[in-house]
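I've put the structures underneath this note.
The following pair of complexes shares a single chain, chain A, combined with chain B in the former and chain C in the latter.
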Partner chain A sequence: MYNHLQRLNAVFTFALTVAFTLAFTVAYTSLWIPNSAQADVTLKAIKVRKGASVYDGYDPQARRAHYASLAFDIEADVASLFHWNAKQVFMMIVAEYTTPTNSVNKVVLWDSIIQSPEDAQFHLKKYRNKYLFRDYDEVFGATEANLTVYWDVTPYIGFLNMDRYAKTSQPILFPRHQPGVNSYSL
Partner chain B sequence: MEILQTIRSFSIRQMLLQTLNFMMVLSTAFMFWKGLGLYHNTESPIVVVLSGSMEPAFYKNDILFLANPKTPIDIGEIVVFKVEGKEIPIVHRVLRVHTDAETGSQRFLTKGDNNKVDDRGLYNPGQLWVDRKDVVGRVRGYVSYIGMITIVLNENPQIKYAVLGLMGLMILLSKE
Partner chain C sequence: MSSISAALEGTIDFQGQVLAEKITQIGIILAAVLAFAVGQFFQSFELLLLVFGGGVVITLLAVLPPWPMYNRHPVSWLKPLVEQSQPGNAIHQLTSESESEAEKNNTK
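After this line comes the complex of A and B, so read on.
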């Protein structure tokens, strides 16, 4: 009645259907899993200096631009973000500020890839920014900013950018620019 | 020569019907692709990851679903962008965003999670930023491994044509 090819076809089709149904279920149900986490960042020190010693081969303004060095404490526990469909959590500390040139500036200062809930606790003291921090303009056009912790969950399968939350924004002050001075702090 | 006999047993009318059927399958797939792209405002709604620069989030052979809504792109989002004059788009994470106060247009600096440095070395000489118009899509969905099929097919054209030919034959020769 049925030949081998037809039987094989039926088995293959059924297997595919089951796999896709399972994948869809996992993807959609993980949208409803509630998630929240604790993350606090406290600024300890900030200093701005002219980048005379900075080497950045791609940035022609590097030697004239002003760079901010920050030291901050990170107290975070994002283990609760790991549910059955969470492969990794990408955590960032972002400086957000407004200047006359740019209405929105968001710059990542530090980031971390977290792959398991065991590695999701942070008690870091006086950590420095991982990436060079300079404004779009040569000199920082802002005197205040916000330090915000962001995270981005990558699933095993399914939707991205659905549970990105900015938490615990902390306002900070930038040292005011003093012309002719190469290094200034608060 | 069973196949030839099967073909000979078809009337012209049946033959044309089968061909039409085959075309339907092809055009349905094509319209699904284009419709998805139109809905999500992107020229390529599904892309395959070709390199390991976003590991451990994305590995080679994973597939990504893209959408490109006009809303502002946020920091930490993973975007697919093209560098002018270069064919292959890049999938990387947004490390810096600056929104022009006058025009409201965004500029980005990107970086691969698995790379030590940001992407300025991948941009054109003298280019410091990725513009909003260079962004082809924003990653919205993720499925691992499936892209392997397209990579194998693209790297071995013989297999691609064999599979296509086989599919065509099966559809042409199947009787309802």
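After this line comes the complex of A and C, so read on.
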């Protein structure tokens, strides 16, 4: 505190310490802000076809794999996730199922980054899966799967914590278990 | 030249240093508390950063320049003692010793 440089140093270092404490307080308190966000996904149609994917051309197993094409409606209102420390919301639809060989399977079918509360209310109709849906085995070993919406609030400062709206409207029934057809609509 | 370097140095006295330290701590902590409250109230992270930054700048303005309130208690040093001449101690002979001898010569 004796001369200019020492005072500058003292103020700057103390300001940094306090800024870190302030940042931690903001990060910690914004974890507990309640929200009333909800998102529903409704399956409209599913088709399973056998073949190679244009995206998966270098995978020799892809030729024999089964791919599922889905059409679903998404009705979401996640505007209340935008608290003062929220930069954006990452939202994804995950198909979860169990097969005899793998007990936990999670496949991301669709995702979206929502950057403002104005864009956080939407009703998308007959959307198809953005990413390929195939099993780890070549053929779907499961009889049914559940669609779940997960979301993730990206804060300006703080922790990423994934939350989910676990209201699955109905399970997907894979059509190969229905004799005679390989697709159906709801 | 010495006055320019003194102005650049901006020294303050010991009591002033205690005061400056206190003002730094109170100012910045107050800025942080106010920033959190304002940000929370207006639900704006940007406002939090602006209020905290503004508080730090105000604290710097209050503490950095050697304001007169930091120099109210200048240290009063004792008057230098006249030392006896010792052989081989050239520094003493140069400063206090030679001056006092000159004074004696003048009185004679």
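By our rule, the second predicted complex is superposed on the first by the 159 of 186 C-alpha atoms of A that agree within 3 Å, B and C clash if a C-alpha of one lies under 4 Å from a C-alpha of the other, contacts with A are read in each partner's own complex, and residues count from 1 in each chain.
The rule is simple: a contact is a pair of C-beta atoms (placed from the backbone, for glycine too) under 8 Å apart; a residue touches a chain by one contact, two chains touch by 3 or more.
Remember, it's a predicted structure, so these values are computed and weren't measured experimentally.
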Margin query: Tell me the contact category for A:L81 with respect to chain B and chain C: first, second, both or neither.
Written below: neither
Notebook entry, point to check: In the superposed arrangement, which partner chain does A:H4 touch: chain B (first), chain C (second), both, or neither?
Noted result: second
Notebook entry, point to check: Does the superposition put A:F14 against chain B (first), chain C (second), both, or neither?
Noted result: second
Checklist line | First (chain B), second (chain C), both or neither touched by A:V149 | finding: neither
Note to self: Quick check on the superposed pair: does A:V94 touch chain B, chain C, both, or neither? Answer first, second, both or neither.
What the structure shows: first
Checklist line | Larger contact residue set on chain A - chain B or chain C | finding: B
Note to self: Applying the document's definition of touch, where does A:N105 land relative to chain B and chain C: first, second, both, or neither?
What the structure shows: first
Check: Of the partners chain B and chain C, which touch A:I113 in the superposed model: first, second, both, neither?
Finding: first
Next item on the list: Identify the partner contact of A:T25: answer first if only chain B is touched, second if only chain C is, both if each is, neither if none is.
Entry: second
Check: Just which bits of chain A does chain B share with chain C as contact spots?
Finding: 156-157
Item checked: chain C - residues contacting chain A, complex -> 8-12, 16-17, 20-21, 24-25, 28-29, 31-32, 35-36, 39-40, 43-45, 48, 52, 56, 59-60, 63-64, 66
Check: Once bound in the complex, which stretches of chain A touch chain B?
Finding: 23, 27, 58-59, 87-88, 90, 92, 94, 99-108, 113, 115, 131, 136, 150-152, 154-161, 164
Check: Which residues of chain A touch chain C in their complex?
Finding: 1-4, 7-8, 10-11, 14-15, 18-19, 21-22, 25-26, 83-85, 156-157
Item checked: Touching residues (chain side chain B, partner chain A) in the complex -> 56-58, 72, 74-78, 93, 95-101, 104, 107, 113, 118, 120-121, 128, 138-144
